[in-house]
Amino acid sequence: MPDASPIGIFIAGLLTLGIFSFLYKDNPVYKVCEAIFIGVSAAYWAVEYFYSALYRKFWLGVFPPAGSGVEADLLLWGGAILGALMLCRMIPKINWLSRWPLAFIVGATAGLYMMLFFVSNAMKQIESTMQPLIQDSLLETLGSFTIAIGTITGLIYFFFSKEHKGIFGGAAKVGIWVLMVTFGASFGYTVMSRMSLLIGRMDFLFNSWATNFGQMF
Amino acid sequence: MAHNLALIGLVLTGLSLIYVLYRTIAGNPVDRRVVFIYVALAAGLPLFMDLLPPVTVTPDVQALVDVLEELPPHSKVLAAFDYDPPSAPELQPMAVAFFKFAFKKKLDVIIVGLWPQGPQQANDAIATALLDSSVMAAGPIYGEDYVNLGFQSGNEFVIQRMGSGFKAMFPRDERQTPYDSIPVLQNIVNFSNIDFVMNFSSGKPGTIEWVQIAVDRFGARLGAGNTAVQAPQVYPYLRAKQMVGLLGGMSGAAEFEKALSMPGNGSIMLLSQISTHAIVILFIIIGNTAYFRTRKRKND
Amino acid sequence: MKREIPLLITSIAGIVFAVSFFIPHWPFGDAENIFGDWMSVVSAFAIWLGMFNLAEVSLRKVIRKSEGWNYALIVIGSMLLMLVIGFSSVYHAINTDTPHMDPGTGLKWMYDYVFSPLSATMFAMLAFFVASASYRAFRARSLEATLLLVTAFFVMVGRVPLLDPILVWAGITDFAFFSAVADWIMTYPNAAGQRAIMIGIALGITSSSLRIILGIERSHIGGDA
């Protein structure tokens, strides 16, 4: 596409400003940009999934190019049939068939997650918490105590089967404090992240778009 | 000229906050759009300044860099790109620095993506890295030194399937070359043939899934660059040594660039990051000052 | 059949993935690989179902001329345009053995100049609202809120060189004090809190998954099942 870039950058700038116009108030320009975003995103994902899953994975798997030396994987038809059943959701009379692929997705995900989360997010974390409390330096020792006490009291706070009273209530209170520190850290990082995204757009507008604008007009 | 004007603009912006403080204490807070203007100025003005702030490399970043530097030439590095354009300001500088380092050090890089946009972001990062003359001089060749296997749908199930064989999920690269015909992929069957996994992630599927499957199930060594929103969530994995290091957000990118001595966009944009943090902190202080003044007045 | 078959499918799929963790050999290891391949293919249909659904909802809006029908028309138009451009790029890629997003292709153009700026700006807007909320709502009303606020302050100051260069310049410290504090917060109290949340969620997911595999939890196959 010859000379696509200057026009492309110009359009990208207009779309960026169109979305930013919402900051003043909701307006038709923003709504148009939003509608374009929704339509383009949906189609983009559909095209990517068609190309990667349906063409590269399924089609070339079932019908490998002649001379490639690859054997056809006919078992892939199982996935395609399940997938096709999912589209039955749009046909009222047989929409119950769409429960089959859904059941497959839910079952497979449950089976995988059950083990992954139990091993990586429960057992490994418990193991890492059960470490010697006394470390080489004072800061690390303090940190080890914080990790042990923070994790245990945080878990106690999430234990709702027993009323938060007495020593248990006190531990739950400490748990809330630890969680508040955690949320504060997350807030600080969220600010950092959101500002980075804005800086990226500002950089585009001031550098790429403004320079391109000057060259075009 | 632009540098000085931007600096003056920033100082005036800061001073004008005294008026915002006065109004807020008087019980007449400014409109949210005024706050928006301040944020825009804080993010935009430093982009006109040519000042590189001093960066302190944190232990988590240094740990990752140490592992990368210990890798001998032609080590097999799997680079997983799991992010999209909105996260590019944070992750793209990390990716560019990573490719510059990998190409100069002659690491063999295998790119995959669990997000459709990921492999595209990888290609953009490679194009930027190759603008550097010293990287260009290293002469990385597609297929021999690096390969982009593209995107594959299936989220964490892709990593799971890669455990028994990469070829099953990525039978061809993005240029349709069969897996077995790509020189850099010779002798690579699964994670046991990979020396290091580098993941750039902004959500799910991403670092958490790579830890759970590639590390904990298949024994891979993992380092990651995360968006700042995601980074706090992966610290428990870092503590448990399920990851070797972590780059968090744009500041993580700047630290990575400094540790590798490859300044790029992360370092350039850090000044804007600093000024936006300052403006948010000042707004929190103004809001709370007004709150405590009002509460004291009510108590009196 | 409407009820039993989905339950059976759920259980088989779940058992295969759970058991193959311990027995990664025939038959579980092989079944896991086959099911893993199927997940890749099925997920593509799920995305297409979502797109069809969006098109149907938008089309209904346009036909009925209900509120916002003109924007729904733009949704359909931009979707069709992207599909045409996307498939022409894919067709070109298949016939020439080139990447479908090569520079110069229509899909790459749309990705660079329409999709990327729109999605990036949509998320960038959050920066303004975070700042506005900080000014209007982020108050130290209680001990808990104060803890949150103070931590956020140290993290925001410590993760970027905001006050550290001033402290060093003034000779108050000879190292990046706030950076070290932020690092300590992230490594210890933050990790402890995140770990407590993580373990809680993990135990919840494990028990929910078990209920799904055993057929006790059935909401995913419909309310009437």
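Residue numbering begins at 1 within each chain, and the chains themselves are lettered A, B and C in the order written.
Just so we're on the same page, a residue touches a chain if its C-beta (ideal position, glycine included) is under 8 Å from a C-beta of that chain, and two chains touch if they have at least 3 such contacts.
Every value quoted in this text rests on a predicted model; they were computed, and no experiment measured them.
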| item | value |
| --- | --- |
| Set of chains adjacent to subunit B and to subunit C | A |
| Farthest chain (mean CA position) relative to subunit C | B |
| Leader among chain pairs (count of C-beta contacts) | A-C |
| Distance from the mean Cα position of subunit B to that of subunit A, given in whole angstrom | 15 |
| Distance between the centres, which are taken as Cα means, of subunit C and subunit A, whole angstrom | 2 |
| Overlap residues in subunit B, where contacts from two or more other chains coincide | 36, 39-40, 43, 86-89, 150, 152-154, 157, 160, 169, 217, 228, 232-233, 236, 239, 248-249, 251, 273, 276-277, 280 |
| In subunit C, residues with contacts to at least two other chains | 21, 37, 39-41, 43-44, 47, 93-94, 100, 111, 115-117, 119-120, 122-124, 127-128, 130, 134, 149, 152-153, 156, 159-160, 186-187, 190-191, 194-195, 198 |
| Contacts with 2+ other chains: residues of subunit A | 23, 44-45, 49, 52-53, 57, 61, 108, 112, 117, 120-121, 125, 128, 147, 182, 185-186, 189-192, 194-195, 197-198, 200 |
| Interfacial residue positions of subunit C with respect to subunit A in the complex | 2, 5-7, 9-18, 21, 34-35, 37-56, 68, 71-72, 74-83, 86-87, 89-90, 93-94, 100, 104, 106-107, 109-128, 130, 134, 143-145, 147-156, 159-160, 182, 184-203, 205-206, 208-210, 212-213, 220-222 |
| Touching residues (chain side subunit B, partner subunit A) in the complex | 33, 36, 39-40, 43-44, 47-48, 86-90, 116, 150-154, 156-157, 160, 169, 171-172, 178, 211-213, 215-217, 227-229, 231-233, 236-237, 239-242, 248-251, 265, 269, 272-273, 276-277, 280 |
| Complex contact set, residues of subunit A against subunit C | 1, 4, 8-9, 11-13, 15-16, 19-20, 22-23, 31-47, 49-55, 57-58, 61, 73, 75-76, 78-80, 82-84, 86-87, 89-90, 96, 99-108, 110-115, 117-118, 120-122, 125-126, 128-129, 139, 142-143, 146-155, 157-158, 175-192, 194-195, 197-198, 200-201, 204 |
| Subunit B partner contacts - residues on subunit C that touch it in the complex | 21, 24, 29, 32-33, 36-37, 39-41, 43-44, 47, 93-94, 97-101, 108, 111, 115-117, 119-120, 122-124, 127-128, 130-132, 134-141, 149, 152-153, 156-157, 159-162, 164-165, 176, 179, 183, 186-187, 190-191, 194-195, 198 |
| Subunit C partner contacts - residues on subunit B that touch it in the complex | 29, 32, 35-36, 38-40, 43, 53-56, 58-60, 84-89, 117, 120, 123, 148, 150, 152-155, 157-158, 160-161, 164, 168-169, 174-177, 217, 228, 232-233, 235-236, 238-239, 248-249, 251, 270, 273-274, 276-281, 283-284, 286-288, 291-292 |
